[in-house]
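Below: the structure, in structure tokens.
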Amino acid sequence: MSDKNLKDILRKVNQFKITDNTDIVELINSLKDTGFNAKRLALACEIYKEMINTLGCVKFFGLAGALIPAGLQRVVYDFINEGYIDVLVTTGANLTHDLAEALGFQHLQGDFDPNGLDDKYLHREEINRIYDVFMPNKVYEGIEDFVSKLEIPDIQMSVSSFLKFVGKQLPKNSYSVLRACYDKDIPIFCPAFTDSGLAMQLGFHNQKLNLNHFKDMLEMVNIAWDAKLAGMCIIGGGVPKNFIMQSLQFCPNSATYAIQITMDRPESGGLSGASLREAISWGKINEKAKYSTIISDATIALPIILWFLKKTHK
Amino acid sequence: MSDKNLKDILRKVNQFKITDNTDIVELINSLKDTGFNAKRLALACEIYKEMINTLGCVKFFGLAGALIPAGLQRVVYDFINEGYIDVLVTTGANLTHDLAEALGFQHLQGDFDPNGLDDKYLHREEINRIYDVFMPNKVYEGIEDFVSKLEIPDIQMSVSSFLKFVGKQLPKNSYSVLRACYDKDIPIFCPAFTDSGLAMQLGFHNQKLNLNHFKDMLEMVNIAWDAKLAGMCIIGGGVPKNFIMQSLQFCPNSATYAIQITMDRPESGGLSGASLREAISWGKINEKAKYSTIISDATIALPIILWFLKKTHK
Amino acid sequence: MSDKNLKDILRKVNQFKITDNTDIVELINSLKDTGFNAKRLALACEIYKEMINTLGCVKFFGLAGALIPAGLQRVVYDFINEGYIDVLVTTGANLTHDLAEALGFQHLQGDFDPNGLDDKYLHREEINRIYDVFMPNKVYEGIEDFVSKLEIPDIQMSVSSFLKFVGKQLPKNSYSVLRACYDKDIPIFCPAFTDSGLAMQLGFHNQKLNLNHFKDMLEMVNIAWDAKLAGMCIIGGGVPKNFIMQSLQFCPNSATYAIQITMDRPESGGLSGASLREAISWGKINEKAKYSTIISDATIALPIILWFLKKTHK
Amino acid sequence: MSDKNLKDILRKVNQFKITDNTDIVELINSLKDTGFNAKRLALACEIYKEMINTLGCVKFFGLAGALIPAGLQRVVYDFINEGYIDVLVTTGANLTHDLAEALGFQHLQGDFDPNGLDDKYLHREEINRIYDVFMPNKVYEGIEDFVSKLEIPDIQMSVSSFLKFVGKQLPKNSYSVLRACYDKDIPIFCPAFTDSGLAMQLGFHNQKLNLNHFKDMLEMVNIAWDAKLAGMCIIGGGVPKNFIMQSLQFCPNSATYAIQITMDRPESGGLSGASLREAISWGKINEKAKYSTIISDATIALPIILWFLKKTHK
């Protein structure tokens, strides 16, 4: 590496300023030339924007973590509704919470130290804790009621087909992720579906149900296979990250854009915290890809990215 | 809380000493009266020991993370072989790596900074990185070869039945987790099985395969339902943690013992990092349960726990 | 706790929406009724706002971490200039980097994977790395030149008096933290001053220098002692956090407002990651205090807080 | 990089086994050829062993974090007493807690969830919390009593000289770090000394005290300057890490061995979590150095390293 190269590679840090006229676009543009996670957040915004603007790019979105109970249902809804997602991979828990909100139930939150409420007391009151967010047990009764009335068209349909079927039953004017994906014809994959409250209710009521998980797997590979260009945004790692990644190995060019927002780190070897760079060795991300990992709670980073995208993408 | 109570609750910190005669049992006993994660590790050892010694306690073991590529296959093998596990819940990735080792393939490691090896170069050399551990692509050919010869008895069998069938095909004298569970008649549940290299090969070779994930889910609930006493050891969170937890809600007494080893934390609301105390609100762990979370890489903590258990449990 | 209480404590999660009209104030207000770190960020904004609006509240600001090299010099400058800080406690490193920028030197950043630049190569090129931000060695020559010309009025003055003296020498129109504090007559405490490049240059040039650290300590206690109301904002923990905390034990009411932004966690017992709640036991924060810890990189959270404060505080 | 190189660099992962005959030396030797933090722990053991066995290597030990309250006083004592440390750099808090134990006071611990004890109640009972370890306020009275009787020989002596003087006053048969360093003539540097309970008591009783921090700084540089070979072990980062690092820039060969044990990570740019590799760019660690960072609570990793060293170093 010559001196000339070094000058090209290293640029002045931008000592940016917040002014009366600062808006989200200007802030993100300012952060691009800073350091640490502020810069990574700005790069992620840039990459997502380019991913949206690139014709034919298939945008995979992996969603783990309890974002819907935490109040981000409409943020995820907007990603779908605005066309920022082509394929959604998520957890059964997220779908269960989404369904609960769609059915008119609400998650609760408390305005105090998370240790203030005794978990034994909550148990007796039949209120379940997700850190500082809470879900009453009676929500499950509502889900059970909904599930018991479902007339499942095919007990061996794929999970994604089943989720589409569920989405169709939900109120049109809700901010449900399930409904929005149905409306937009966006497939939802949920490889660990049976690891959820929704699937448990389904299983209890339909002892012969055998939703075909392998069909989903093959469909997902086909989508990747057919994608001329691919990009991904990974929230929180987990099964959604791996499922997208394993499929993109079959994409002719693998991923050209990649974003992940996580609190996990690489050093203990789990996939959730693995660097995106590592995915190049596997052929999940291509050598020329643009990628950015933000070490941040997604409840902070994801609304900012959405805000930036809505302002820049018309 | 009266003064008397405070004296009972707070005890002198043990300023322990490492001597020529220190062995693992003495060390762990010393750490019980210290603080921070050293104490939590000692408590976890104690809890696991009690769990083993309690007649009729069903021991659930959740295994996420890349422990087998990192050299802990025989550690997990010993947990099974020694009778420390009654039900194993794990990821498809772990099973894929386990199968690879059972078929005679090896994982590799490098003795240098993880950044030293360029991922683009690795890609061209067809070597996949898992932080500082590596798996050549040719391993997949071996797995494909194995999979292509499998005569699956029932394409709608449960995943756990299928994994038992796979275990039976593997060499008896290996340290394979799949084989050990077959030999010991310990069920392996893998709710996100299709999220793995092994399942992909299976799906490619058997387009009609539809392993019944719901059957697994119901079986797991039945095991929990029938357990008079239950305990769990969770490595790394993820789907295995949630799957065990959701089932234990149906155990009459929920869990009486709980250990988790993870680098994840509660603050961003994901289940992997959720406190065990929180599980009391859900009825997954009972109010009188003994529990301990160790914030540690499992590659450090798990061998220590095994070492302690093998020395104390005869 | 009665049912009535539970209803008061637990409120509906706000499924907020980003619209065309969203501004930073509305966003933060929306996040107040969500969960996880988004909520904590919103609470921190609220608390800081109240702290500013409370007459007579002395606002302590603890600044650890490399914010100035990362491009946040003007953000910190604005906190000072807008009157959001009454007492600054920071590290010698931050002051060294602030001085460098004030003298016209620049920090550099690279737009690629942090592993892309070999550290051995950087060493030969005399460029020092701070993760993805860089400082050429020649900056030290500039600092040395500045230091060699200083005519220190009293070799036994306190560190804070010395820093005021330094601030006075710096260009008026800079965004230097040192200069801004001089202009606003805000004391800067730096308990570990000799742990910095600036102090090393000073020591080499003034072998008899003995800046009085104990004087600073007593002055800081006096400020706390005299404060009718006190609040603190802690960035990153470290010595600044502890120094503010130990002084507030002597504040008649201890702190009434407390914010911390950190990536550290409580479980391994270090003060940087300690919960703010724990500070109540020590009498550093009072029983009725409002407090919020945000688990976030400060490069993301701090500009957002500033943005909110500038918009709401006129 | 040729194929031949790759074979040299990547070696088989050791699927190690815990047997009846496993001792700490065998375990560590097994872990050397594994992955993730288990491997890093084994490498750290190896590096420390080599550092001890290398004639003329000056061993710097940086100690941040609350290890003494957590029960590791005798572990640190042994590192000193066995000759594994030549220069100690630590925090004022550690020295305060060390003094407390040396004066016969005790730290307390509770055997329950850290959230079980209300901090407001603790405040009223005058018991201070350090996560799950506790220190009664009356300890400060004991320290005050000790401090008030000290006849400080020179109010402008260096902090390290003062700490030597304190060590001399302490009981010979204690496991005090201060006393052990006095006995072994090992300097203790404490750059942020005034950031501690001990220094506060000193300052209150000796209003004219002006311990010379710059003298320490210059002495530390001289020690580094004179070191033909240097190594370091960093516990927890903070000021001790930076102070050792800044001095080693003046060591002709900079550090040849480096170990750090921390829970901090590099991504948010703070020095505590900075990679050791990064220190090469600064000339703090040399290009041929052996180094290992263990992401672990030091309460787990440090006793293991000591155990290994005591068994292998006779």
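Order of writing sets the labels: A, B, C and D. Residues in every chain begin at 1.
Methods note: contacts are C-beta pairs under 8 Å (C-beta built on N, C-alpha and C of every residue); 3 or more make two chains touch, one makes a residue touch a chain.
Predicted, not measured: the structure shown is a model, and the values here were computed from it.
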Using C-alpha centroids, which chain lies at the maximum separation from chain A? D
For the copies chain C and chain D, give the interface type as same if over half of its residue numbers appear on both sides, and as different if under half do. same
Separation of chain B from chain C, taking each centre as the mean of its C-alpha atoms, in whole Å: 41
From the C-alpha centre of chain A to that of chain B, how far is it in Å? 26
If you average the CA atoms of chain A and of chain C, how many Å lie between those two points? 33
Residues of chain D that touch two or more other chains sit at 35-37, 66, 69-70, 115, 127, 130-133, 263, 265, 267-269, 277, 295, 297, 299
Could you pull out which chain A residues touch chain C in their complex? 1, 3, 6, 9-18, 20, 22, 27, 31, 33-39, 41, 43, 66, 69-75, 78, 101, 106-113, 115-118, 121, 125, 127, 130-134, 175, 263, 277, 295-297, 299-301, 303, 306-307, 310
The chain C residues in contact with chain D across the complex are 64-66, 69-70, 93, 114, 119-120, 122-123, 127-133, 156, 191-197, 199-200, 202-204, 206-207, 209-218, 221, 236, 238-239, 242-243, 246, 263-274, 277-283, 287, 297-299
Show which residues of chain A lie in contact with chain D when the two form their complex. 35-37, 115, 265, 267-269, 295
